[in-house]
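Next come two complexes built around chain A: one with chain B, the other with chain C.
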Partner chain A sequence: MPASSSPRAQARLPLVAFFGALSLFFATLEYLFPTPPWFKLGLSNLPMLIALDFFTLPELLLLLVLKVVGQGIVNGTLASQAFVLSAAGSLASFVVMYMAFRLIPRRWVSLIGLSLAGSMASNAVQVGLSMAWIFGPASGIIAPWFLGLGTASGLAIGWGAETLQRHSRWLRRVKRGQSATA
Partner chain B sequence: MAKVRQPKPRRPKRPDLLDTLVHPTLRFVWGLALIAVLVLAPRWETRAAVMLLGAVLATLAGKRISFGYFLVLAGTVVFFHLLAPFGKVLASPLGFPLTEGALLGGWKNGLTMAGLVFVSLGTISRKLHLPGRFGELWALTFAWYERLMESKNRIHPRAILLSVDRILEHHYPTLPRDEGDESASPLWTAGLREPHTATTVWGWLLVLATILATTTLGVLLK
Partner chain C sequence: MKPFDLVFLALSLTLTAGTAWAVLAPTNTPLRLEVQTDKALYSYPLEVDQTVKAEGPLGITLVHIEKGTIHVEDSPCTNKVCIAMGTIRSSGQWVACLPNHVFVRITGGAQTQDSVDAGVF
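Let's look at the complex of A and B:
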């Protein structure tokens, strides 16, 4: 178990599991939106963005594993190159978002900014991997579209996360529950 | 006098028939095997067979399936594939080439997407146990996921975030439990570790027969 084994950390693990499930749920909701088959909105990133404020680094890494592997199993892509692309993109996105969240004061960067940075990192890594390893340099032809759509979806998901964080009754209850157990 | 809107009566939950036949862990492995066949099958006919099998399993598992939603999903995937012409031109309405390769590719992908969800719905049980502490967390994640998926029909496209928020509130009560309010107990403190039955002979037959039949179909149609 990568997360800390203190009693408080143990009590928080179910919340990590719930956020993991939420990522899988949002990944499924992607199908509500018509997108080109080669492009994913990255809705599963929304719980990750909100989670930055809740969890420690080991808990966030555990959530990342649950999100990436869970999506691989639920979508059936675990044994394909799509899983490698998704895992690499998610890891790059997480590293960039976490660094920005920890290093830049909150008044200077919103969840929209964090989402945009994460989305750009994820898409850049996926385009790079596709060109270098899977589809060859010719796939660079879709790079501008891919990055452009990624920017738009990063902004939209950041806006969604920001809205949910400001207005969600569920999040307020989670926060109250967390402070009650602290 | 203001008219009080009566809440719609909830449809009774259908029983999970597969639960009485197949152990949750074997069911999970069964799902992975079917997903492998679905993803690796080169022909669309095999994928269609696995998708239909997934739909039957999901129904046996007590899940409600919206075929309209999956038709729209498959149609969208086909449409986007058609935008990238590939292979023999079948027709050119309004000068736009409808190609065989794009049509088949889109159809195959649409079937795969629908099949993945159906198979997952049919084979992921909330009673799934994996070994170790990580396994417990993993099982919990999938159990939550399954519960959230059961609520996806309550999502309103015009108020997605609001409806998602209400679903989360419903499934994840975080305030201290009111006395006597059993519905407010968190999943991990009540009901998760329900006892499960061992796989029956009929269960083993069902698992082996479906894996064998779909694999054989995949090999024969290669």
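Let's look at the complex of A and C:
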């Protein structure tokens, strides 16, 4: 794994694991909120949003794998079609958020915009896969609700991540390379 | 919010509105029940009271038409969300049984000023 190829990268692995654990914590936290069974709020995307700022690409990819597989275990969907939908959505979301983060200067976009872009990509891919492969074209009737709720949750999660990034002293310590748990 | 935040928000809202228009826009045809299963798309008039049997991978989902309203009477899925979704009666409303791959929706009908835009649970 490229993430562990240098001493510096080795030293940061626990931080990636910690953010992976945070993703799982947020995935579990989702059960507190009443949502339709076909919709996930995407709270576990919050650590990924924050990590964009200081993880390298290999570290982010490792975090993505931890998040997707961990969510599959937490939700009990690891061996089901729902896992494929979730994994495809997470991958699409990550690619779009990472590209937007790299290509658009930070003075023009905040974590709110990145979260909205990721949410839109994830939900569009999941609706497309659902219509083309898993549930058939008729499942498109869910699309407006899926995308609308996704926009609302993307907005809320982006706002949360942006607020955390601006005000968290813990996050500032992490960015300076100190221990995440100190 | 920064400029591209607004761009992504506008894109998300446009995508949502676009799919809503594509899926929910009423037409000036009579109201009908459409039942989509893995095998085919079935269509029934809402004027005739009847129970429709929709076959999915888990078994038979029973969809009941009564006095122009529709509800799922029984389904072999485990969580029974489709039954809990209750009765639908207007164009664009739907009930889905994802585990059994059965999608039920009302199509047709004329656009009215006093109709509710959408219903969620």
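Rule of thumb we're sticking to: the second predicted complex is superposed on the first by the 174 of 182 C-alpha atoms of A that agree within 3 Å, B and C clash if a C-alpha of one lies under 4 Å from a C-alpha of the other, contacts with A are read in each partner's own complex, and residues count from 1 in each chain.
By our rule, contacts are C-beta pairs under 8 Å (C-beta built on N, C-alpha and C of every residue); 3 or more make two chains touch, one makes a residue touch a chain.
In this text the structure is predicted, and so the values were computed from the model without any measurement.
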{"item": "When chain B and chain C are modelled together on chain A, clash or fit", "value": "clash"}
{"item": "Touching partner for A:144 - first (chain B), second (chain C), both, neither", "value": "second"}
{"item": "Which of chain B and chain C A:16 touches, first, second, both or neither", "value": "first"}
{"item": "First (chain B), second (chain C), both or neither touched by A:119", "value": "second"}
{"item": "Touched partner set for A:174, first chain B, second chain C, both or neither", "value": "first"}
{"item": "Contacts of A:70 with chain B and chain C, given as first, second, both or neither", "value": "first"}
{"item": "First, second, both or neither for A:154, with chain B first and chain C second", "value": "second"}
{"item": "Partner chain in contact with A:107 - chain B first, chain C second, else both or neither", "value": "second"}
{"item": "Set intersection of chain A contacts, chain C complex versus chain B complex", "value": "36-37"}
{"item": "Interfacial residue positions of chain C with respect to chain A in the complex", "value": "1-9, 11-13, 15-16, 19-20, 22-24, 34, 36, 38, 41, 79, 81, 94, 96, 98, 101, 103, 105, 118, 120-121"}
{"item": "Complex contact set, residues of chain A against chain B", "value": "1, 13-14, 16-18, 20-22, 24-25, 28-29, 31-32, 34-37, 62, 66, 70, 73-77, 79-80, 160, 163-164, 167-170, 173-174, 176-177, 180"}
{"item": "Contact set on chain B toward chain A in their complex", "value": "32, 35-36, 38-39, 73, 76-77, 79-81, 83, 106, 109, 112-113, 116-117, 119-120, 124, 133-134, 137-138, 140-145, 147-149, 152, 155, 157, 160-161, 164-165, 168-169, 172-176, 186-188"}
{"item": "Contact set on chain A toward chain C in their complex", "value": "36-38, 100, 104, 107-110, 112-114, 116-117, 119-120, 124, 127, 135-145, 147-148, 150-151, 154-155, 158"}
